[in-house]
Amino acid sequence: MKKILLLHGPNLNMLGKREVSIYGDTNYASLNDAIEKRGAELDLVVDIKQSNHEGELVDYIQNATGVADVIVINPGAYTHTSIAIRDALLAVGLPVIEVHMSNIYKREPFRRHSYVSDIAAGSIVGFGPDSYIMALDQAAKMGKKLPDDS
Amino acid sequence: MKKILLLHGPNLNMLGKREVSIYGDTNYASLNDAIEKRGAELDLVVDIKQSNHEGELVDYIQNATGVADVIVINPGAYTHTSIAIRDALLAVGLPVIEVHMSNIYKREPFRRHSYVSDIAAGSIVGFGPDSYIMALDQAAKMGKKLPDDS
Amino acid sequence: MKKILLLHGPNLNMLGKREVSIYGDTNYASLNDAIEKRGAELDLVVDIKQSNHEGELVDYIQNATGVADVIVINPGAYTHTSIAIRDALLAVGLPVIEVHMSNIYKREPFRRHSYVSDIAAGSIVGFGPDSYIMALDQAAKMGKKLPDDS
Amino acid sequence: MKKILLLHGPNLNMLGKREVSIYGDTNYASLNDAIEKRGAELDLVVDIKQSNHEGELVDYIQNATGVADVIVINPGAYTHTSIAIRDALLAVGLPVIEVHMSNIYKREPFRRHSYVSDIAAGSIVGFGPDSYIMALDQAAKMGKKLPDDS
Amino acid sequence: MKKILLLHGPNLNMLGKREVSIYGDTNYASLNDAIEKRGAELDLVVDIKQSNHEGELVDYIQNATGVADVIVINPGAYTHTSIAIRDALLAVGLPVIEVHMSNIYKREPFRRHSYVSDIAAGSIVGFGPDSYIMALDQAAKMGKKLPDDS
Amino acid sequence: MKKILLLHGPNLNMLGKREVSIYGDTNYASLNDAIEKRGAELDLVVDIKQSNHEGELVDYIQNATGVADVIVINPGAYTHTSIAIRDALLAVGLPVIEVHMSNIYKREPFRRHSYVSDIAAGSIVGFGPDSYIMALDQAAKMGKKLPDDS
Amino acid sequence: MKKILLLHGPNLNMLGKREVSIYGDTNYASLNDAIEKRGAELDLVVDIKQSNHEGELVDYIQNATGVADVIVINPGAYTHTSIAIRDALLAVGLPVIEVHMSNIYKREPFRRHSYVSDIAAGSIVGFGPDSYIMALDQAAKMGKKLPDDS
Amino acid sequence: MKKILLLHGPNLNMLGKREVSIYGDTNYASLNDAIEKRGAELDLVVDIKQSNHEGELVDYIQNATGVADVIVINPGAYTHTSIAIRDALLAVGLPVIEVHMSNIYKREPFRRHSYVSDIAAGSIVGFGPDSYIMALDQAAKMGKKLPDDS
Amino acid sequence: MKKILLLHGPNLNMLGKREVSIYGDTNYASLNDAIEKRGAELDLVVDIKQSNHEGELVDYIQNATGVADVIVINPGAYTHTSIAIRDALLAVGLPVIEVHMSNIYKREPFRRHSYVSDIAAGSIVGFGPDSYIMALDQAAKMGKKLPDDS
Amino acid sequence: MKKILLLHGPNLNMLGKREVSIYGDTNYASLNDAIEKRGAELDLVVDIKQSNHEGELVDYIQNATGVADVIVINPGAYTHTSIAIRDALLAVGLPVIEVHMSNIYKREPFRRHSYVSDIAAGSIVGFGPDSYIMALDQAAKMGKKLPDDS
Amino acid sequence: MKKILLLHGPNLNMLGKREVSIYGDTNYASLNDAIEKRGAELDLVVDIKQSNHEGELVDYIQNATGVADVIVINPGAYTHTSIAIRDALLAVGLPVIEVHMSNIYKREPFRRHSYVSDIAAGSIVGFGPDSYIMALDQAAKMGKKLPDDS
Amino acid sequence: MKKILLLHGPNLNMLGKREVSIYGDTNYASLNDAIEKRGAELDLVVDIKQSNHEGELVDYIQNATGVADVIVINPGAYTHTSIAIRDALLAVGLPVIEVHMSNIYKREPFRRHSYVSDIAAGSIVGFGPDSYIMALDQAAKMGKKLPDDS
């Protein structure tokens, strides 16, 4: 049975309370319910973590070594500033899927650059909670090594 | 029944013959078969067009006015250079889903900028032929106006 | 009798159907009617062409050699991306008037640069359909060589 | 009867004495005669001012509050350097038409940026003295609020 | 009675021990005494927190939801690098006052950019401990929505 | 008794008539009344000057030599363009407090740079008329040489 | 017998009619005669195509798959703007020789960048019609894979 | 007898009172005495003007038409910001010598660019009051047209 | 006896498990053994800390006040992004030696900038585990104030 | 009989010993043999020089005055850094052909700029030893003044 | 027995006479004594060369082919400007250690970029004469091919 | 008696043979005659050197230690590229006067930056041979330490 580490970056725990015009009105608990439900349908063990701490996200990623098969990550604000998270993802060597609920290209220019995109298998941007569901569907098909990742 | 205009940009017709290490070995015909099969499952009418001509892609988009409900587009190289396609998409006012099979962030720096991303509902990058399938799944859920597009 | 080649770039045929808050609600047919009416008043033969194809616009410009006396052009999105159109205008060596209906300076930063402005006799920006009328008025006064164009 | 404030920026009073290859040989007095003649034809009260002083141009603009209906301005060199004039134009809230006699795009790169263009209704560049006449024609049609200026 | 969350960013706890030529010789404890004294005079409940951890500062901001009326923040070094703190401030939607004791414009160029300034109600820079006192005075006058913040 | 030169830059005399959504609805006269009232409470002689002319502001600053103890300045648009005002402030060698009523960081990017900030004792941005009051409070505490200004 | 696809980009058909000071006075027909003559001397089948259409150039390149052995291309203005042509050249995987008649480095700065140079075997710039002849000479020596192209 | 317009830009009247470590301790009156003395020795009529007003400096330059033979100018802070002064110098068409007393290259980076240097006959930077004397010596040798200025 | 704080930044605990082609195959435990062995030989008390948390690294640095004599730091990914760590190092005022095992100049361009280099006594880059040993050797010779650090 | 100065820049004497994957395995002596053989066939006197010294290359170029008819130069690394060589080429006023054996556009970005290209008659890049041969062929046709070089 | 080529770039021969606050007061002769002493202790043959001539440094590097095992180089000012030295180092293919005595990151911004760092095995910056000693220690351990240099 | 080292950079020996429209028609020998004549009048020993070699110029500067009192240098093309010459000038610590005969600001943009200006006492640009004479006049007044050079 395949194991997924699903990471929410900073402020995603505020979902539903936060900038509804950008993030929609789904709240954080129901988002995670939807993720777990889909995980179950796909026979995936999904370990969901959230942290506002860059270092803690690094810790979670490191701990995935030998445990998870795929990492699905919405790095939130750290998408644009964290080389430490990038390095942790490179260190564990697992396939990564990058997820964003909002369309980061419609927002401030500094949200256009991601330190994760070029080391991820793929990115899904702008589909709200469905961004995560789509990522799980893809994760379910992935092995430890992406065929086109060499 | 919902109608989808699915546009392949330049050189996508070379799929399977072209840079296999980047685009995989699916060929163009079987990609379209997979798209049509999924469209049928989702009760969508999918109109598939390909062109190497920027102007022709603009024509196809304009002609979607009053015909299609959603546009799924992989603008290929025009992603990075065509304001004309951007303007056509703005002109028809339909929801747009941007699709790329390869991970454009792993390649030359000039592929990092898209003239479509910030006017699309969302973007799906790097999942090979599945990028299109995921887009169709989302298109099936979309109305003519995206709720978060104001 | 003086001959004018009047070129509409990509998406201008969508006028009236497209982004009314930016382009106003005049439609494309009535715009051309107004242009022709004014041309007649000024004793000009106005040949109106529109194309979404960069190459076709280049063709039209080349074909003006030995036929037209002045070129009035609204290059639309190609204003900002087409060196081919610039080169065609340089090749035929006719006086050029650049026209934009909307105020391109109020929009995205990439619309601030024009490949045509510095080789045109002059530019008229932001007066809606009147931008074309003003250009015709000026074209009517122009010879094949602009006095200040050396 | 509509009132127009027509502002000439620095060095425009040197017209005819100055760089004839760029500005033509019309002199300053005959330019203003032509402006006044056209104003009269259009039933406009045209108040013509010139100053080499940025602050004085700001004063003239401020004093137009409640007096003028439209401002026609050739900010000369201040086009490229004066945020104070921009702010004054924003403060009075009248429609603005930007005018340049020479084609500023054919000259030094620092003349390519205008602090006025994006807050003006429109810009007319490169038609010599006619640039002003065209602006008056447009001003004659304008109300205090431009319809497309929101 | 109004509640204020007052946040000190990284290294502010070193005050008095650290770079006296830049930050002056007030120490951290006496700074907080002065803040609390002023808070009491203004009938404010001031909750003072300091952290060297970006994530902990995000936690403190999130926890202010429904508790604090205004946030006074000196983000220290995170001013220039943290989008996560910016996002947390946007998420809680409370009025924010940005405070710096030293004049950040006299120092390295990378201290000139702030990720907080454009989402704050206002900024106070360079007045040493008084920067905080001035911020409290303003916070005492603020409601949950800033009138000029729309 | 301490003397303050308080300078309003260009267009501040339009306060109340100008862009109310940005600057609030206090008018210029009542702003100065509030400044004078606060000056009196603090036992300060406040000399208030306004000018739309960069050169006149330079003159006022030069004339403060040997007369004023502190300069409070809202350079308005000249904040971003005037090295002459910067040089005048350096020449007189008095402590300077920079004031802005609106939050200049929420506006056009060219308003992010100030030629005054790095030579001022401190800056107060975004608190409307209170920005001046806060500056007076600080000016009242200042000597001719700022302790941290070496 | 070796087959060469020789592509002329936009406006090259204007040769002899166009900017003689830059391109010389050879006309387009005699250029092609010279090319064909040299091709015959070298025992090459040279298929000469010209188009003003980016998309058509892409089509011609795609159609060379399995037909041509080498592509000689003067992409004209598309040198500097077309990623689509670059991608087509990458897709067919044939050796490419880039040719320019004029010295593009003596002209506007935007002509300094080529999207073809770094994927070509080599570039020949500035020798007028001879640029093509030199390219044919080299093409005659090339196999399908350039030895130094890995 | 040759006539020289010698212009001091903003804040040069503060000489001797201002930043002695940069400008030396010569005062403004004795600088002008030295200039006049040297002018007399060289049989030059030297008209010395100073202004803090950009516009007034433009006026002085315009008024030199038909009066002065050479302009010696230390544009002070306007060196780096004034296109209006540049345009005035271009308009009068007299030879210009640019003078700076301090070494502008040792100071802030924004002092490295001059709008006058490339239209001047030559520049003299960093020799204190002698910079002016050297300029007068050169002016004495100059005709109305510089031989190398075409 | 001299005390050294030796800090490993994020992901260094993954050594030996991580990107062996870049970091070599020494594992983290044996690296620390080598450091401790060398420390003992040099009569140094070496306090080794690792953290993935920027804030925790700041805490460790602050706690070195009055305890350590020299700080040896490999800030890992925080080298390129953390002003907070820079500020902490400035705050404690101890001599700092920057260490990197891999050659950061051979990697992504964003690894070329370090926020630590210009405040360190020196930097050692690219010698694998030996980078630390060399740093200890130097630390053994250092006093609390570097002679060339003024 | 025409005389050619053929200059090899730094490190070209290492040919065959150096980076074979970039420069091929021709060695330096056989390259020069091929050049001399071709020169003889073309009735050219070819003077071949190589130097690692920028100044010596300048000397060789200066000495070509009145001796050589054409200069063929592969400036090697000095292509990208030497204005002195550019100036020497401008000083002697002979036609110049720029040659590179490797494709400099496939390498580090700093190799994309040449200080020679825009003052050369033409450039030949990427054809290995043949680049020189092609240059000789062209040189044989050149007079002292290039017809299109005005 | 291993052979080291140790290269001092321009102005290093001035050591002890030159900018003592930056380079310390060790003089050049005693530096070389220390280097030779350490070389002897490590059983290395150290060939020390200094030159102010870029070309001569290139010559020395080329001559190391087949003679030296490792190159230790302090390229001085050529660090930041010489691609020729970089190319020579690439050409000989020996392991390189880059050395700087002063901390180049504390100085002018143009000293932050090195053309040698990314092709060196490692860099040692800021330890005065010890920088060389540390380099020798490392060189003593190196073979002709660095294990992590592929 | 004061000693001057006067250095001519690369290509200055070509004076009179080279680009007469830029450098005038004085030849190199008569320039040096004029320099020596003026030196004699001023009781200066002027040692004139010219070199096309950056390293040789560095040598000459180093050799001036303890010999010359002032260095007058026209670094020619090395003005814009040589940090080695800058470092040599810093190393000898003598006052430096920078001289250019042509107006470097009228030419290519890369000639606008000088590595010498900010470490020179002053710069004289654009006065042809007189630039040197003016420099000698100033050198005659200088001591070993410039008063304003601290």
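Per-chain residue numbering starts at 1, and chain names A, B, C, D, E, F, G, H, I, J, K and L are given in the order in which the chains are listed.
Here is the rule we use: a residue touches a chain if its C-beta (ideal position, glycine included) is under 8 Å from a C-beta of that chain, and two chains touch if they have at least 3 such contacts.
Model, not experiment: these values are computed from the prediction.
Steps from subunit A to subunit D, minimised over paths through touching chains, total 3.
Touch-path distance (fewest steps) from subunit A to subunit H is 3.
Among the remaining chains, not one touches subunit E and also subunit J. Rounded to whole angstrom, the centroid-to-centroid distance between subunit I and subunit K, based on C-alpha atoms, equals 23 Å. The mean-CA centres of subunit D and subunit E are about 46 angstrom from one another, to the nearest whole unit. In terms of their C-alpha centroids, the spacing between subunit D and subunit K amounts to 63 Å. Across the assembly, subunit B contributes residues 53-56, 81 that each touch 2 or more other chains. Under the contact rule defined at the top, the touching pairs of chains are A-B, A-E, A-I, B-C, B-G, C-D, C-G, D-F, D-H, E-F, E-I, F-H, G-J, H-L, I-K, J-K, J-L, K-L. Within the complex, the subunit I residues that touch subunit E are 53-56, 58-59, 62, 65, 81-84, 86-88, 90-93. Interface of subunit F with subunit E (complex): residues 21-22, 24, 102-103, 105-106, 112-114, 117-118, 120-128, 130-131, 134, 137-138, 141, 147-148, 150. Remark: subunit F residues 9-11, 13-14, 17-19, 51-56, 76-78, 80-81, 110-111 touch subunit D in the complex.
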